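After this come two complexes, each holding subunit A, first together with subunit B and then together with subunit C.
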Partner chain A sequence: MTAAERTESTSSEGRIATTLETIDSQRAALYAVLLGLIAFYLSPLWGGLTTAFKTQTGFVQTTPLAPPTPEWFTLEPWELAFATMQGGLVNSLLFVVPATILSALFGSLAAYGLTKLSWRGQIGILVLFLAGVFLPYQSVLVPLRQFWSAVDLAGLLAFAPFLANRADLIELTVTHTAYGIPICTILFRSYYKTLDDEMIEAAKIDGASAFGIYKRIVLPLSMPMFAVTLIYQFTQVWNDLLFALVLVTSRSNYVVTQSLNELQGSMAQEYNIQMAGAFIAALPTILIYVVFGRQFAKGITGAS
Partner chain B sequence: MATLTLENVTKRFADGDDEIVAVDDVSIEIDDGEFLVLVGPSGCGKSTTLRMVAGLETISEGAIAIDDEIINDVPAQRRDIAMVFQSYALYPHMTVRENMRFGLEESTDLDAETMDGSVERTAELLEIEELLDRKPGELSGGQQQRVALGRAIVRDPAVFLMDEPLSNLDAKLRAGMRMELQRLQNELDVTTVYVTHDQTEAMTMGDRIAILDGGRLQQVATPLECYHRPRNLFVAGFIGEPSMNFFDATLEGDELLLEGTELSYPLSASIREELEGETELVLGVRPEDVEIAAESTDDHAFPVTVDVVEPMGNENNLLATFEGSELSVNAIVDGMRHVEAGQRYAARLPESAIHLFDRSSGRALHNRRIDDEEKLLETRV
Partner chain C sequence: MGFDIRRLLDRIRRGRTDGSGDGERTLRTDGGTTSSRGSKVSRLRHSDAVQALPFWLPPALLVGLFVYGAVSWNLLISLTDWSGLVQPDYTSLSLEMYRQMPDDPSFIAAFRNTVVLLVAFTVVSLAIGLVLAILIDQNIRFENTFRTIYLLPMALSFVVTAIFWSWMYNPSTGTINVFLSTIGLDFLTMDWIGNPTTRLAAIIFALTWQFSGYAMVVYLAGLRAIPDAHYEAAKVDGASSLRMYRRVIVPQLSASTTSAAVVLMVFALKAFDFIFVMFGDTPGRSADILAVMMFRVAFSRTEWAYGAAVATVLFLMALSVVAPYLYMQYKRGDL
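Up next is the complex of A and B:
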């Protein structure tokens, strides 16, 4: 090795060492920032969780982020919250599941008609669907209440007392289904536009009717998008309080968001019970994410 | 088993306020069991024509009939045709068996056993039995192609339509499938319309080929007739690879003056008589008919400089320039012969092999001489 070569190799080693150092310090800084962000975003959740396991005195005497000590540890808030919300959970499930499935199904059908079938005036209809996406809940509250006052659903269902008693929930189902159709249609439409037109034509030549093609080709291929809309709609409808406040009149039909609201004491705020209630109310949406998570990822990345 | 008739079929598309005529007054009669290839450059209307037959496009004017029944208003679902698409268009969520059964389930009332029987027989014919329980995503391009064919064959339709079915395969596989498709078509004897932009496929596969350009039918004839007796300049240039050489030429007395050169090409009286008095002409000669010799020996041979030699093994493709001009000519010589780029040779354009076209209309006025004409042109694949 000549002198010149030697100097070159040392200097290049030096460069590598400096590069490694900068990478390391950069990486350390990156992790520090990430950890900070995680702590920042998780702290409310953590605070809620610790509070839910503390007695009222424990809550008053410790900071919210401190974990419950054995002295103040209790499951009572969970039991109390669950006892109050039990009925609401059942009622919510009763209307959220059909509303979610129906809006996804109708949205998918409408999107199929707007992408893979040809007929006049599609653009006009599509514009209506798009407008529907942007209608705020608040703007329809009054007409909505008036509509359901005009339609005496309980009277119409008088022949079946079980349904008549649940008329509020059926109203919620219909309302949320109608309200969810536009966004579901737009979501499915973007997905169906990527489906191969030649495949639809092949099915047509194979003798399948328009509905046959939907049932046997389009619907089975829509599962990833169904996961997306089911998760999205379930969360939206489950978490809604506004429509429930306007439409649900009888206490026996209170939905989960209303029963969560009931946990608010009139005199003293029992934060531990409220926190436990919030977690109970959120549990089903989290479960839905876990169950449909993989399909959801497929759906939003467009893989089929 | 059916004949397919296209009568003055026209397709217009609205393009804003304008109208585009995609297919212009096309009439073709396709015999029972015939293999017709629709060929032309992209945008010539061949796919639109096929899609009208399939029922995927409406017909603006004219009529399409299977046997003697006009099917203009019959929806695609009830036309008794099967189609193979360029993208194969298999149903990705179904197994090969389900893909092939789908058409039977939707279009017939057969019982499950009969359907399974047909699917299995067809799979055997195409040698894809072992793929029946796999999904399209697990198959290679060539295998998907076979499944797409199988899906069409199993239906046992009156007419087969194929839209560039081989264009997604690699060259080797394509040559193999070309032969296989012909074998199948012979065996099944189903009337077939095959669309392609590839003139080799058109030449080798079709009983007859129909050449389209700009929505208009240029010629319908057997492959060899199109090759040796092109009806116009477009057909002459489109069929054949490498393409025919064209030279603008003007008739003066008994000689053709090649434009852009000082060269004159003597024309015999019998050919001059066919020219119907036209003097503004295009002289055409196929590369394989151009004779390359060391020295010019008669008045149909002209000195050239060879610019490029493309050795193909079995033959050499040459590009040569006429001396004293910029006009170049393509020639094919035997692969065993040595031709040196940059050297001078003589290119002879034999009078028996020339074609002459009217320059303004493109119409063929004279086609090459063929010795055993009947025998050659009657050849059907």
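Up next is the complex of A and C:
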């Protein structure tokens, strides 16, 4: 029942005709507001999309909201932006996918150890994980730089030149995995708390080991939560710029957010190329969001 | 505090349904004196605590090293006078870096802006999120589509949204000014992000666009958890819709407000990427925040110790937001 209807049903019979009219106009106003809000929320994306298809003269002479006319239509910004950013896209994929999977897996294992097996003191460990979710990354940047320059991953991997050249990306993988574990643990824990204990208890009585229970019962049941966690974590890691700024030193290892930032700096006046670049960088997360919107919403609200 | 932990442990132990739980409790109450040594060892090996270890310990070690190790190391660095390309000297530690802060006008400005951003962004996002949630909760058609679109900006990177909004705020052809002229508000058009007086407000506006959908999702979950009977009761009392929401519904959303506010504040403390892409690491006094200042001081000017000190202040700010929240949750037994 809607608020309008709730109010309506209290009014007397004689006024039904007039109230129906007010309901209609109220409903119309409601939808008008909702649509106006949609226009607001989409306007930056729409303005960017139209601009990305316009030539330089095109976007200077028209408003950003006007769709491109045939006279000014061009695909060149997309080609240029893609050419500059393709290295970044590949590098991002190379480190985001393993970092996402690893942190989800570690999160699941930790959450299992902290819920389905009961032992003293787990609340203390849990609080340590929880606080990690809210950490501002600035407060670890200087030590991170010190740590990774002391470790000298490139030197350690000198025997495998392919890996040594990608040392920056491996550092990013490890770093993002570590900082992703807290939120993944919290997400999995909230899910495991709702799992039925009966099967686990039965398996325990049958003499199954803790690992056997995890592999045969908990892991298969975790798949919906893996979807939520992987989507959340992929979006977070893909979108991050700060860690890459600090850890990626060689240009050949620039990740997508870095190459987009550079594109923006070097083409300050070419808004069409900037917009095309922004869409190229955002495309994977937008696609995932459109397809898995429900899981995404679950992921972002899981922490609270 | 100690009492609470003991009570909590009791609760955890009572929650166990298997036989070994009771066994362990008897074991504890008699101090373990009556059990034989052998059974104790085998019980220990088969106890959940030992079995749980391989699951949580490796991730806990990673988190311990990267989160707590790094935060402590950062604190240590902030007590040195390390700068430049040499290695830090940990032998003489002092609070010198923290003593400099009150006399550093750029720190004062960044601190003030951080607080303004934190409060304004959080309050505005919550308000807009609440309105969105109430509108969406009116049994509307295409609810999913509306919700999906309002939340969409949150899936985007700060790098992407900063580029979009630089274009939105473009003084000559940007959408904002074009829109203002179209509806006859020409006198309001200005260089929103170029002008120092409006710069911070423009940033807050853009960030609100990006994150109000988050507040909406949290509030929507809160609204859906309120039993229908409460709406009915308010209706019987003859309350108008507006009054019903103000008096009956909104007060029941305080838990949603708290948790959304905490997360939004932490987002605000992390707003680095957005400002960095828009302005580089020198956004000027009017829009500098601690997160950006820390990066500039440490990584551009290589004043590592001072940067670490600024980072510690940022960490303490986050802690002062999060610690009471976590403690409250713990008290309520929600952890």
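Note that in this section the second predicted complex is superposed on the first by the 269 of 304 C-alpha atoms of A that agree within 3 Å, B and C clash if a C-alpha of one lies under 4 Å from a C-alpha of the other, contacts with A are read in each partner's own complex, and residues count from 1 in each chain.
Here is the rule we go by: a residue touches a chain if its C-beta (ideal position, glycine included) is under 8 Å from a C-beta of that chain, and two chains touch if they have at least 3 such contacts.
Note that the structure is predicted; figures quoted are calculated from it, not measured.
Pick one for A:216: touches subunit B only (first), subunit C only (second), both, or neither.
The first partner, subunit B, only.
Of the two partners subunit B and subunit C, indicate the one touching more residues belonging to subunit A.
C
Please indicate which partner A:202 is in contact with in the superposed arrangement: first for subunit B, second for subunit C, both, or neither.
Only subunit B; A:202 stays clear of subunit C.
So, does A:92 touch the first partner subunit B, the second partner subunit C, both, or neither?
neither
Looking at the overlay, what does A:50 touch: subunit B (first), subunit C (second), both, or neither?
Neither: A:50 stays clear of subunit B and subunit C.
What part of subunit A is shared between its subunit B contacts and its subunit C contacts?
201, 204, 209, 304
Can you tell me which positions in subunit A touch subunit C when the two form their complex?
Residues in contact with subunit C: 1-4, 6-7, 9-10, 30-31, 33-34, 37-38, 40-45, 47-48, 51, 59-60, 63-65, 106-107, 109-110, 112-114, 117-123, 125-132, 134-147, 175, 177-179, 181-182, 185, 197, 201, 204, 209-211, 214, 235, 238-242, 245-246, 257, 260-261, 264-265, 271, 274-275, 277-279, 281-282, 285-286, 288-290, 293, 296-297, 300-301, 303-304.
Can you name the residues of subunit C that touch subunit A in the complex?
Contacts found on subunit C: 5, 8-9, 12-13, 15-18, 21, 47-49, 51-60, 62-71, 73-74, 77, 88, 132, 135-136, 138-140, 144, 146-161, 163-168, 170, 173-175, 178, 209, 213-214, 217-218, 221, 228, 231-232, 234-236, 238, 240-241, 244-245, 259-260, 262-263, 266, 269-270, 272-273, 276-277, 280, 290-291, 294-295, 298-299, 304, 307-308, 310-312, 314-315, 317-319, 321-323, 326, 330, 335.
Could you list, by residue number, the parts of subunit A that touch subunit B in their complex?
Counting only subunit A, the residues touching subunit B are 196, 198-199, 201-209, 212, 216-217, 220-221, 304.
Provide the residue numbers of subunit B that touch subunit A in the complex, in ascending order.
54-56, 76-79, 81-83, 85-87, 89-93, 102-103, 106-108, 151, 155
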